[in-house]
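Here come two complexes built around chain A, the first alongside chain B, the second alongside chain C.
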Partner chain A sequence: MKNLSKNKAVINGSASVLSILIGFGFSFLVLLISNAPYSFVGLTTLLLGGFNGGMQGIGNVLYTAGPIILTGLAVGFAFKTGLFNIGATGQFIIGAFTAVYVGVRWTFLPVEIHWVVALLAAFIAGGLWALIPGILKAYRNVNEVISSIIMNYIGLYLVNYMIKITIFDPTKNQALMPTRAYLPVYGLDKIFTNSSINVGFFIAVLMAIIAYIILEKTTFGYELKACGFNRFAAEYAGINSKRNIWLSMVISGCFAGLAGGVMYLAGSARYFEIIDLLLQYPEGFTGISVALLGLSNPIGIIFAGIFIGYIKIGGFYLQWYPIMPEIVDLMVAVIIYLSALSFFFRAKIVYVLRKFEAKK
Partner chain B sequence: MNIIYFVVQNSFLFIVPLMIVALGGMFSERSGVINIALEGIMIIGAFFGIFFIRLFSGTMPDQVLIIVAMLVSITMGVIYSLFHAYASINMKANQTISGTALNLFAAAFTIYTAKVLVGAKQIDFKNTFRIAKVPLLGDIPVIGDFFFKNTYLFTYIGLALLLLSSYVLFKTRFGLRLRACGEHPQAADAAGINVTRMRYAGVMISGALAGLGGLVLIVPITTNFSGDVLGYGFLALAVLIFGQWKPSNIFFAAVFFGVTSTISNVASIIPFLAVLKLPSAVYKILPYLATLVVLTFTSKKSAAPKAAGEPYDQGKR
Partner chain C sequence: MDYVIEMLNITKIFPGIVANDKINFQVKKGEIHALLGENGAGKSTLMSVLFGLYHAEEGTIKVEGKEVKIHNPNIAKDLGIGMVHQHFKLVHNFTVLENVVLGVEPIKNGQLYLKDARAKVLEISKKYNLYIEPDAIIQDITVGMQQRVEILKMLYRENNILIFDEPTAVLTPQEIVELMKIMRNLASEGKSIIFITHKLNEIKAVANRVTILRKGRSIATVDVKSTSVEELSEMMVGRKVIFNIEKQAQNLGKPILEVKDLVVKSNRHHKNAINHVGFKVHRGEILCVAGIEGNGQTDLVYALTGLTKVESGTITYKGKDITHQKVRTRSIDGISHIPEDRHKHGLVLDYTLAENLILQTYFKEEFQSHGFLKFDNITNHADALIKQFDIRSGEGAESSTRSMSGGNQQKTIIAREIDKDPDLLIAVQPTRGLDVGAIEYIHNQLIKQRDNGKAVLLISLELNEVMNISDRIIVIYEGEIVGEVDPKTVTEQELGLYMAGSKRENVS
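On to the complex of A and B.
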């Protein structure tokens, strides 16, 4: 406890907490300006988040957190290797479609393992989709931000077309639902009554733990991180940086694809709509927020995902009052902007802590 | 012939905003700041411009109204881009993260504000700005039909901006200094150029053009703005890279993207394409695929500004 100013976890954590507090302050200010009579009740609802709805609310927080923890892992894992996978959205879409396709069409599978196969297919499909920007980055030095933005749009248009020719139900004007491959609930709905919870959240946590083990406890993870810090130094130390770059993208894509599967293999999920709009799949972009808030650390990402889920559900309960739920998105955006400035925050926190320690 | 006129006239609706926004991105990246927030700035520009049109519709002549609205969009675009400039230049923040935050904020802000002010996500407005035929020029055979009928003031402003950008970037002292800051800011600084100021200029120009581009995109294609610009900010980034950070190439890239996206909408009524019976997804994917291929073969010796994306560190001189 002596050298707080040198403890990285404390500094990073308090920078995140500070960003979040300012975020809440900002949304309160917005409420004061736009909707003064409801500003206090709005703030308390926001702060109470998922707890507003009791066990149902908590169940829904975990349900919402599942896919965004996974997309957060996708973005965070790539960050560790120095790559910005803004293509999580595209990998999410591809994964979601593959899962639903397998769920609807592969009825020859035994019903017990149908959902497992569908998730596995989503996992692999997401990884393959990320392989393209990965290979381009490793061997042709193509900026992965641009190539994965492009892959997002190609994925969107491709999936919209594939839905139309494979799993579209023209009588209902929507995609068929993968009813046979829904994720199991294992009695969780008894604890969190009336909520949409399923096993998805626990799959996400398991994946986070696996990601943690890969990054922190294996040689491979060490090599990945080394490439992230300095590609050329890693190369000089005998690490095959090219292979690590595309592998890291693939693993990242697997997480994002799995997120799509987890999201869409549920009765409470949205059904596919054939609209050329990436924003109908916000989980990919939310993953960026989750990864940034969780400081790209898999365990941090679990908490960041729960936090974002928590305030999103809080936003849902804001509709009890004449308050727009978009205030939650505003708040998240402010928090992300502040976390971009975290360099500055961390320096300030170290400064304050040092002063404090000097006094003692 | 009528179909060709129709396709050309329609293509301009996509070419012009894509080109304007990509030119904006060019100024920012040439100064050394990657601006992934183009999408968000477009949304902000479109929001304020459209809201202005809604408020003042009918109080002044149409073409005057649209000019003032454009100025509103430009101003708000510049103001919004300052957040990106501050984060990435003063605070040396990660430019991609700051840009992402600005994109998220813009989308949420417009929807929230629209719901508070108008009571709905969509902001309706009257589009009274179409020019059916430009006097005199519209009477020229063929050329008149292509370029001076069913058009908007935007088309000509866009072309003027293209020429102006090219001139500013390559023929003025300012342009030379801006490019120096994007290629080698340490050398520029040593030569007495204020890197911070030049980068601010680059980002603010991108804010102005992206804000304008948002309005230019939305006005012709819809009568209600619902807080998004259909991913055209990201598309403009692709145009910028496809155009290899050069104004003339950006123009051709924008034409390519604009024509293919128009064709994707109307392929079924163009006789020789209708015969092929290709799904419209092919035309939608085509420009993206082409960009990816171009990137694959040019990235080894990329024309990208060398210092784009790196905060300027004086200690590295």
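On to the complex of A and C.
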């Protein structure tokens, strides 16, 4: 109790919880205004989230959380090294397309390892896509926010074009499904019956742990963070900050690309259509909220990703009631949006705790 | 007795540290009152409380006898309190006049109207002998004039209580004399001056009374006339301090660093930042590069340490040409660098103390294996250096470097750089902003290096330092070496003339 204001876990945790609660409050308000009779039942459904559907719901929460954790990791990893990778969406799209392409066309591969190769391809493609803004930032000092937003659009239209000339199914007006490379389930569907769960979630958790180890335990992470916190001091210490900037961007892009692969190599997942709205791929942008909610800490991002998955599934169950789907989306969006406030609350909580301790 | 400012029983607590512990501080009208103390003694905190940047947990502030609550700097300004910060707060591409009126711009018909302001500024400038050129651009004028602009800003706002935060750190000896004159002038016109400094001679020269802080407490307020410099320093540090450093006879060795015809392009203007410079540093000597800030010292150090590209010329170290070698290679070869700006280059402030102490060596066997950091060794290493160099911090090795005082941050860098056991130590203003205790310690460390047959290249603006510890002095002016002098025979005045560019000799 004595040094609560110094306990990072307490402060970070309570800041995240507080901002989530405020998010729920606001979404309740949205419901109250738009659909008063169903506001209470709506709120409880949203609060119950994945638990609404028992094991099926929980399975779906984990399934949804996988790609979200990975995009959160992409943004969070770059944050830790002083870069704002808003291009996670573009890397996600490129990764997703590469995975589907490999899944559809590379049928010469043994079926057991087909999905592994497809995921690996997504991983590499996402990284390569991030290499361009990374190189521009490191050697030409081009702001990575601007260049990676441009890369998002280039990625989107490039993928539209590539689908048309490689894996388009004109009869269904969509891309062919990579059925041969779907992620394995390993009997998880026996525990979480009727859910869409696959190994994607566990891959995401593994990646988060790897990211944590890189950042906190290795000399490479020490260099990356030094460049992020103070590029001049890093150069003074003889650290090659240019190399670290593009490497960090590439690693971030790899996570985002992998997210795309995990998302699209699932049986019940979305399929590629020819669309020209980046918002049809919200995972990349959700990654920003997840990174903020998890305070850029890879382990925090696991929990933040699960939470966002939980809310999304809660939103899904809201469809039981006559609540307009737009309102459901709005409520989920409000919660995600406000969860990004945790950064702000962290400072406030430290302030309040210190006052409290000073009084005693 | 009439006090303009009374700060009574001020207590300010930061987590883990009592920065101000029941401090009493009273300033009379029309006096120059010095505030003296080591780094971390609580001077800045106390002034920040007065200026409304911090709120004291306890205590009262009275201005001209009336109790006031200063919640923010605007209230302080309304009470007539003004401050010249150590780092000037000027807009570099504005003129002098524009800077003076900034924030209180006279407006007529929705447009900036400077005619009356100009008259007022010129009048003040004449009254207090503050020579300025109202239409000069800030970045074109000397540091001394920039400081006068800061003073003018306070006078233009009709402030009566003027705080000077270490105003002499950036000035030449001649400019310091000028500033002292201005301060006396201001005081005789009824302004009250709070003079924050570490330099005891300046207090003796200009202040009427002095309040000494130590470890957050006010130790005493004394009359300057009746107190000796030795007594002042003893009160400040809490023990006797030796002023004149005892140096052993020099044992000059072979040249370790040879710079020939070095040219470095400037990124700020079209002239060369370093223009055909050559010199040698020998083992067993402290060579000092003296000069006023901004005459190419920074570029020279960047070139020597590999942070900037060399246009032409050669740098030879231990007989090898290192002109185009990387920073890391030079560092491993035994060049240590205490940088000028500890926040920009010297430290990663978001890292812990232990992490900062391995900034130059984290890749060595001792601290990593197969790319994984050895945290036990890192912590032990930090604990050892903390003990050896007496680095004080809230939470030992795990303290956030950002939370440490400036002096202890500097000690962290010095510990790291000397622990590397360098053959050549490049120290750029290693004692800037430190108190006499810490300065004494750092000087002894530099001399120890020299006595052990290592070479030290000292870049300093402090004449005291230059004269006291160096074996040989070269003076840099506008990127060129304009003189080489012997500290045993040269006078401060002569050195000042070299530094100001009004005297030069041909040095090869």
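We adopt the following convention: the second predicted complex is superposed on the first by the 332 of 360 C-alpha atoms of A that agree within 3 Å, B and C clash if a C-alpha of one lies under 4 Å from a C-alpha of the other, contacts with A are read in each partner's own complex, and residues count from 1 in each chain.
Note that in this section a residue touches a chain if its C-beta (ideal position, glycine included) is under 8 Å from a C-beta of that chain, and two chains touch if they have at least 3 such contacts.
Every value quoted in this text rests on a predicted model; they were computed, and no experiment measured them.
Of the two partners chain B and chain C, more chain A residues are in touch with B.
Of the two partner chains placed by the overlay, only chain B lies in contact with A:F285; chain C stays clear of it.
Look at A:A226: by the touch rule set out above, it reaches chain C but stays clear of chain B. After overlaying the two complexes on the shared chain, residue contacts for A:L206 are found with neither chain B nor chain C.
When the two structures are aligned on the shared chain, A:R140 is found in touch with chain B, with no touch to chain C.
In the superposition on chain A, A:E235 makes contact with chain C only, while chain B stays out of contact range. Applying the stated contact rule after C-alpha superposition, one finds that A:A347 touches neither chain B nor chain C. The touching residues of chain C, counted against chain A in their complex, run 13, 15, 57, 305-307, 326-331, 337, 339, 344-351, 355, 359-360, 362-363, 367-368, 371-373. Touching chain B in their complex are the following residues of chain A: 30, 34-35, 84, 86, 136, 140-143, 145-147, 149-154, 157-158, 160-161, 276-279, 285, 288-289, 292, 324, 326-327, 329-330, 332-334, 336-337, 339-341, 343-344.
Here chain B touches chain A in the complex through residues 36, 83, 87, 91-94, 96-98, 100-102, 104-105, 107-109, 111-113, 115-116, 228, 230-231, 234-235, 237-238, 241, 279, 281, 284-285, 288-289, 291-292, 295-297, 299-300, 302, 304, going by the rule given at the top.
Residues of chain A touching chain C in their complex: 5-6, 217-220, 222, 225-226, 229-230, 232-239, 354, 357-358.
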